[in-house]
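What follows is subunit A paired twice: with subunit B in the first complex and subunit C in the second.
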Partner chain A sequence: MVRLKQRYILFDILYPPSVESSESAEFSVSESSALLTLHQTSPASINHRTLVHAIRKSIQEHYGDFGAGSAGLSVSIKYFSNKTSTGIIRCGRSTFHTVIGALSLIDSIEGNQLIIRCIHVSGTIKKCEEYSIRRSRDLMRLISKDTTRKKEEYVNSLDLQADEFETVEPDLDMD
Partner chain B sequence: MPPKPSINAKKAKLYNSRTIRTELSDPSFTDKEKLSIPDFLKTREFEIRSFEQSQLNTKYASSSRVFQSLPRTLRRRTASHNVKRIPKRLRSRAIREMQNSVNGQPEKRKHQRGRQLYRLQVMKKLLKLGSRLKLMRGVPNEQVLKDQTIRNRIKELNTQIKSLEKDRSSPEINNDLGSYDNTGVDEFAPRPKGNLKYHKRQKNFVWLPTHVWHAKRFHMTKQYGYQIPLAPTQKCFKAMNRHNKHDAVIFDTSFHDKLIIEIADNADFIQFLLEITKYKKKLPTEIVDGTKSYSDWIFLENEKVAKVLIYANISLKKILVSVLPSLFMDIYFKIKAKLANYKSNTTINDCRYSLGSIDICGPQALPAISKILHLYKLENSDIQRTWRTLAHNTDSGLVPIGTTLSFSVKDPRFWKRPSRLPPSASDISLNELVIALNNETSSNIDSDSIANLLSSRSRNESYDGQMSIKSISKEFNKFYELINRSRIPLLITKLAEGSWSLILPWYWVLPIWISATKVRQIKVGGLKQRHQFNFENEIPTFPYDFPFLRDGWLHNNAVGTLTEAKFAKLKQSHVDISRPDFQNSSIISPFKCDWTAIRNIIFLKKLSGKTDLELAQLDPGFATHVGNFSTRELKSLHDIEQSSKSISKIYTEEKAPEISIVIYCKNNEFHKQFVDGAYEIKSLVDVKMKQLPVIQIAIRLQNKGSISDGARIFLSDSFNTNPEGFVTSGAYNLNEGQPTAIGLIRADVKKLSNPTIYIRNIGKTTFYPAKFVEIK
Partner chain C sequence: MLCDLNVPWPCSTYNTQPTQQQLEVLKNTIVTLYSLGYTHQAINFSINENVRIPVGTPDLINPINIAYLKSELVPRFPKLKLFTRLTIIVSDPSKLQGLAKIQNHFDVLAVQPVNEKALQLCTTNLDIDLVSFNLGSKLPFFLKHKTIGSAIDKGIKFEVCYSTVVSGSIGYANVGDSTNVQLIKKNFFNNVLQLIRASRSKGIVVSSGAVQPLQARNGEDILTLLKTLGLDNSRAKSCITLNAERALISGRLRIKSYKQTVIAGNDSDEVLVEKKDPSKPDTLAYKKRLGDSSSGRLLKKQKRSKD
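Presenting the complex of A and B:
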């Protein structure tokens, strides 16, 4: 019996800052701040059902009936976490390009402006998990490292500025 | 034991294991929020942990038996129902899994009944008596081992035990293991008796000391009167190539027969060495002293016989010769005849079953073996220094071939784990060592050790108090007293590039072997691996690549007979005789390298006096005969091919040589003429009597292709020509990354400058262009 092969797509949801709100100002402060802004937690309204619904709608919209028939039916969500906005989708091997395309064309889900990007594609769920673990570790390292450097820089810059300006309360609770 | 889970429960368990837990978000926060850094780190940590947990869950849910958790190389096919195949640490779990019990009680074991039961009981009695005899330090005598019924054997054993009990003062052997020195002085040594349990199996083929170890892990082959390990049971072609490049590979070569020749007079000693080695005028002093060994051709009756290892020591007046077992008888009688001409006292000791050897190949050869050899203190500190340097360097290319060391080591089984030889402040670098080794006055031989190794009495004494593994572990707390009990004399010598040989007494091979296989870098190989390593380094292997010697010739013929028999069994529909070599199979046999046929064809062409072009042009018409119908006139290629078939039937006054080819020798007049093209063949008898001079070549293809054994070598790529040589070993060479071959071709290609040869495999139509290099 020939194996029916699947593809597992690791994706995550990014929330770009909108121009109007104060998010854009915070966004550009530092690298870790930018990362934290992007990787926000997802609202509770985004769950397995709504995600699948959004993906199918996107496939129908951009790839038509043919796309919906071939790719849409075999899409299922294996894992999705609201807190980390990361998930794993399972789809057929021949149609995963369609699914990835549809994912990237999704604009918003349940009124939330978001970007879905595909991080990794693999034939087994184990490898997707492993990749995600590695990536999370890198992200954690990046975020925590940046903080300390940023703080040192800020403290050093304070010393320089102290002579020139009046004493200003250093705003150290910026995250 | 609880009842087995049902099928549905198993599936549900598998399905459940696949769910990945997600961190529950607080239901009060329905909107997206930006996290603080510690919160972010916490969520990511949780996600990583849940991924890892789900991976573990699936692993434990799907694999149900304990042997499935073993690495691939330790899994055995019958491990599912044969508990002995599982490593000991997992055996209790496997037994519990195996228990097919219904109500908590394991089912009853089956046992034999009737006659089978009687036989087993009687055999058990015999073995009990045998072990009792061993404890009394006796060896079962000839009467016990004779081919007779078990009851008679038990009777004989009882008589022997009674006689030993009466006279306990002089035991036959000096240890509990049954080790003794089995040397024949001026006669052949008796075959080793072996353990009473296995004696019957060793009647026709002698077991190596490490036989039981190999039998569990290797395919064995019966050759030369020994049972020799052929290749490991697992696939290891690429793995062995990698081991030869990075690690050490070890072989049990105790089947290489050894002789010790004693010559009392020094002048005769040197004279004898001059005659048998390649040195004709002056022997290097290192070889005579015993500081270097000689591993090269041996000359008997002025002709090359084979490549052997010769170690000579003039102060001890002994010469050790190690030969391949197929040549042993030949060499023994020729040496005996030669020694009869000397006036001084000479003795030949047959040490086939008293000296064993272990070969080690690879860059890690000496570093790995140094982990288990614990040397006794020596007066000559040079030896220790040399050994240390060799053990700490993996690049021993500069060390001269023939470098020999000799020392005594302690029983390695006392050390539970292999331990690295510690470096010392007085160590010298490899370059300094090489300079010292090339210095003629350096000596790395401990005179006591080498004397003990080469003398039968001392070898026997070294077995005194040899302990079994069980007794070692019982008395392990007396470590410091016991390690100094046994002195094992050793000789280590470099045979060839990347290959070292250890020579030690026969019954000490197994203890060293068991410790050696515990070293991680050491892998074990068999005959096939030897062939593979030589082939990958473009070195010919005896006997396959030496068809001009008797053993290679017989091997070639045997291969041909077997292949022909296999071909004859095929169904008619599977036989395609329109293929190139099978079409005219009566002229050149497609089942082997048919040297006789090409010798005949080449010499007949010379006899006809016509060039290749002239022969090819003429159409094969009717055969015309010359003289009185006995000799066919050679006008065309067809005539020559048909005549070659009848050469074997021609009557010659002297006996025609059995082997049709001979290795090119520059001193031979006929060979020189052959290369120049100025040789003469006068008649058909000449064709039969003369041997075709050939040279050994290493072949490499220019483009893609494949070479297999027995492929034909041509000098032009048309179908109308005859082969000029054959490939003796052809395969994919992992060192080169392309197919290479070792073969033999007619010697007059030496005159051509860098010619292109064409290889065609048997039965195939493609010619592959190739280049070759002569192997000297």
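Presenting the complex of A and C:
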């Protein structure tokens, strides 16, 4: 039997400082404040459903009916955490370029301005999780250069993420 | 190391100074790009060829307050390297006689030709590093492989600026309704396709052109987007690393070297490439690769045949 081949895309959502807001002056004060602003927690309006909707809409907009049929319908969100704004998308192996292209062209979901960045592409969801945990540790090391209240909140949420991953069941799609 | 050769300076004339808020947005954009991994960034000042450049007063030629930006940002972001770039929109290259006087004040020199004659003359006659096109509107001429190819052989790179396609609602605010936005995106894809075809995926530089932090994107993602358009897989990565770096080096060699090949002294002030071996002199960092020029390639070939 041949296994149905997939690709798992690990992505995170970045929140750039808006042009008008008063917080924008603080953004460039230090590396950790910039990272903390970018890696904010996501509002509740961003969830599995709205994300899939936004991705399919972007694919439809930029790749037309052909893209929406070949790439859009096979997209599903396997994991998304509002605390760390990180998630994993499953899509077809032959069309993952299209999905990443469409992800990079999204600029807002439900009125929130954001950048979606694809971090890692892998054939198994396990490697995506491992990579995500490793990356979060590096990020923590970067941020922990100075101690603030915000930082502690973030570190707590990262610990939560590691716990959550253990509960995600491995995906065994066999044909 | 990733390079972004186009972060626009908020003013496009010599008479205006950026407001405090514009500077703040510029700084935020630089920091956002830095967080995405771009360590080498060039601030772009873009003018029309008709604009009178104050050649008489050398201090005013470069309006970009790079010293201020560096003093504000570099202590906080130690790996950040900032450069300045001038882009001239050219329709008649014969008007650009004073280029020799200007070119020493900018790190990178680019032109944006608006017709075929300008493109041809700029790439053959002028000493420039980068050619950019207005990708949002339909190019009025056909990009020939011969013209583009000979320019790439000379070491000139061609720029793809992705802010045209990821602008978002704010970026398109003065464009009008959604059909115009769609037209801009269609033109972008068409022009990029033409550029990829004419250049055979060689010598392309991908840069952001982001005027606000929202327009910054992860370089790899944009390359994946361009790969779906037909950019060569194996040459994609060099669009944000090697090609951009070469454009920077050739620009800086113009200022700091003799005939763009040899540089003397130990100027550790603004080193482009991190020194690996401190015992060796800094000149290595600026060394031009043989493969960058046609005569260099001949030399390389000769050397190889001797062995």
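Note that in this section the second predicted complex is superposed on the first by the 145 of 175 C-alpha atoms of A that agree within 3 Å, B and C clash if a C-alpha of one lies under 4 Å from a C-alpha of the other, contacts with A are read in each partner's own complex, and residues count from 1 in each chain.
Quick note on the criterion: a contact is a pair of C-beta atoms (placed from the backbone, for glycine too) under 8 Å apart; a residue touches a chain by one contact, two chains touch by 3 or more.
In this text, all values refer to a predicted model and were calculated from it rather than measured experimentally.
**Student:** Kindly say whether there is room for both subunit B and subunit C on subunit A in the superposition, answering fit or clash.
**Tutor:** With subunit A aligned, subunit B clears subunit C, so fit.
**Student:** Quick one: is A:A34 in contact with subunit B, with subunit C, with both, or with neither? Answer first, second, both or neither.
**Tutor:** Only subunit C; A:A34 stays clear of subunit B.
**Student:** First (subunit B), second (subunit C), both or neither: which does A:H62 touch?
**Tutor:** After superposing on A, A:H62 lies in contact with subunit C but is clear of subunit B.
**Student:** Considering only touches as defined above, state whether A:F80 meets subunit B (first), subunit C (second), both or neither.
**Tutor:** first
**Student:** Counting only touches as set out at the top, which of subunit B and subunit C does A:C118 meet: first, second, both, neither?
**Tutor:** Touch status of A:C118: second partner only.
**Student:** Scan A:T98 for contacts with subunit B and subunit C and give back first, second, both or neither.
**Tutor:** A:T98 contacts subunit C only, not subunit B.
**Student:** Is A:S132 touching the first partner subunit B, the second partner subunit C, both, or neither of them?
**Tutor:** first
**Student:** Between subunit B and subunit C, what minimal C-alpha to C-alpha distance in angstrom results from the superposition?
**Tutor:** Here the least C-alpha separation of subunit B and subunit C stands at 15 Å.
**Student:** Show me the residue ranges of subunit A that touch subunit C in the complex, using the header's touch definition.
**Tutor:** The contact residues of subunit A facing subunit C are 14, 16-19, 24-25, 27-31, 34-35, 38, 62-63, 97-98, 100-101, 103-105, 107-108, 113, 115, 117-118.
**Student:** Touching residues of subunit C toward subunit A in the complex: what are they?
**Tutor:** 24-25, 27-28, 30-32, 34-36, 72-73, 76-77, 165-170, 185, 212-214, 216-218, 220-222, 224-225, 227-228
**Student:** Help me check something: in the complex, which residues belonging to subunit A touch subunit B?
**Tutor:** The contact residues of subunit A facing subunit B are 15, 23, 26, 32, 36-37, 39-45, 78-84, 86, 112, 125-126, 129-130, 132-133, 136-137, 139-140, 143-144, 147, 175.
**Student:** Would you pull the subunit B residues touching subunit A in the complex into a rising list?
**Tutor:** 18, 20, 22-23, 25, 27, 29-37, 40-41, 43-48, 51-52, 54-55, 58
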